[in-house]
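Below: one structure, written as structure tokens.
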């Protein structure tokens, strides 16, 4: 059996329930459109209450869009292994010949539809309701940064997912912990340069940090002084991060699977 | 070079908890030939599922070695996974909002099955297990028996060389259990290279299905052989079943010489006693003691030895 | 199952995955992260880390943690019981009403949520927030808050009996509505007029106003500062009663509908 074909089919197989689930349980559409409205609007009004320049509202919209993908990584991919373990699917996945990364990729791809809808909703709200003005100074760079950020994010997500092979609820809570602190460190709604060079540098390991910073500079040229590094350098780092995380994820998934088999926690529920 | 389907050499698995170390498997030595339907019989907590987890590459041994088709479960697990599959009793795998067909198709993709092959195989197996009419039904709407048939199809559709069945008929009605057993037997007969390892604590199921059985208790293999060979271990013994009214205490039984093992249960104010004794006279002594302690014997049967009797003799307690 | 038992259960589920120390750290890091986002947003605009606006949003956010954590956690319970632990059916058929069980868990969650609030208030000293705490008023407000927050959480649980496992999304949505429209981190007076009208129907609006009065000594929001203290308390009491009653009603309706449709123990994970 050709390994590439096996894993492509596995990705397709795991993505399928995600896509079908979206159609059969359509109530998610409401939540994926209502929730973004609420959080984005709230933070835009925060800036308005501070009489901030209009571009800051743009930061909120941009941060909201990218955070959507981060949440997808955390909850539709990494944490999903926890649910698979709890519903006894994980052991069947592990006993099958496909790669674990195929399962994770399938989950992520399957969730891309709802994630992208949420991201688009945020964009539409930002542009048409709050009149945020995006100026795309370099479409190519923007696309490259966006894609590189996603690849690095999803690579990081796969790395986190490995924790769920060994841990149970600890990993779920760790996942939970990676929301607000990451929003702060990555400069979700504000330029990360405000945190100082040291913190911003350390936070650059989170793909969101440099991705957001680069996109802010591309979409809001007047915010250039708030840019941490040049967008091209940030793109390069993001590409390197993507490669790094994917390689680490492969290694970590194998290693943690091995540890899980030694400790007997691979199939243990309710840890 | 011919390799066995399964080989375990001094296989041991321990689990550490805060208070103690649990020895789930203790120096297990086992060989299962290709084409065999091999049974692992033992009570709950004997180590059956632990052994299956090791052989299906989900758990590593603490010491010793295990091989599936000659591949080491620790080093060559990637070579084992394409040729095996597993089904557990009471399994709730898959996704409730997918249909039966969709769930099966999804799992087929994890084994790289081409669409056309997967579709044909699934439809064929749905018909064989008489649930073709459920193909479009959502899994969450299935009954327990229907769900288990789905699980069985999932386990067999990928054309594995070895299938591990962990209490596959647990909680099923008689008809469904019978159908599943028939399916397993027929599947084996279709190809001599196919092997099944079945764990169960239903001795009747092991007796009916298995070419050879290993009896496992507290992590150790305590007997190994064909059902007939095992039953011969108690052939010279006498197996008695008695129904006693009213229910009486049986502490005194242990003091009687010649009792290889016994189990007793109470229901509806009666005691049901199963005995394995070394000869008939011991049975007589038991009967007179029953009367001495105020009981009356409503029914007494002498029966052919069963695997439960074997277990009873070897461990002094029943399988349930 | 008594209230005490369900409270105990909530505490166990929330905390027994780790040591008490790690649990404490976890309960602090998340809210601190959320607070620091707001502080950073303030800083990039104002260029400093002190000011009335910062006090407004900081205190609002600290107490919002109670609301958000309770709604989010309780929003999960039905799905968790139904599809993760598979205990929903057994709880349902027990003599204890499921509503009572949820109520007990909500109490525990509410109490646990007070801890990060206290930590955040202490951290606020770093930003030189001028606290003028009226302990009695604060205690009354927290008690009143318990009723409408727990009421809302129970309302969410009722809805969850009928919905797929979208996790805390529903709880998040409710928390988000309150965050946007109740003057949590910015004055209600800067919202559009129609949104202000909506804000005035939410118990959270009055709750956060009373919080500010109890903690900061005044209400900076131009729209709410016109209300006397007694009116704020009265509106909060009335709306809390309405919310709690609505929660009970919605729960009963949802319970009946779920059993009628046979979806009480459905599996929706995908």
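A, B and C are the chain letters, set down in written order, and residue numbers restart from 1 in every chain.
By our rule, a contact is a pair of C-beta atoms (placed from the backbone, for glycine too) under 8 Å apart; a residue touches a chain by one contact, two chains touch by 3 or more.
This structure is a prediction, so every number in the text was calculated from the model and none was measured.
Centrality by C-alpha centroid: the chain sitting nearest the overall protein C-alpha mean is A. The chain pair sharing the most C-beta contacts is A-C. Separating the centre of chain A from that of chain C, both taken as means of CA atoms, is a distance of 26 Å. Spacing of chain B relative to chain C, judged by their CA centroids, is 51 angstrom. Chain B has its Cα centroid 45 Å from the Cα centroid of chain A. Residues of chain A in contact with two or more other chains: 17, 20-21, 25, 87. Each of the following residues of chain B touches two or more other chains: 92, 95, 97-98. Shown for chain C are the residues that touch two or more other chains, namely 164, 268-270.
Interface of chain B with chain A (complex): residues 13, 15, 53, 56-60, 78, 81-82, 84-86, 88, 91-95, 97-98, 102, 105-113, 154.
Looking at the complex, you find that chain C touches chain A at residues 17-18, 26, 29-34, 36-38, 40-46, 53, 57, 83-85, 163-164, 166-167, 169-170, 172-173, 176-177, 179-180, 184-187, 190-191, 268-270.
Within the complex, the chain A residues that touch chain C are 17-18, 20-21, 25, 27-28, 31, 34-35, 38-39, 41-43, 45-52, 56, 75, 83, 86-87, 168-170, 173, 176-177, 179-184, 187-191, 194-195, 226, 270-271.
By the touch rule above, chain A contacts chain B in their complex via residues 1-2, 5-6, 9-10, 12-14, 16-17, 20-21, 24-25, 87-89, 91-98, 258, 261-262, 264, 266-267.
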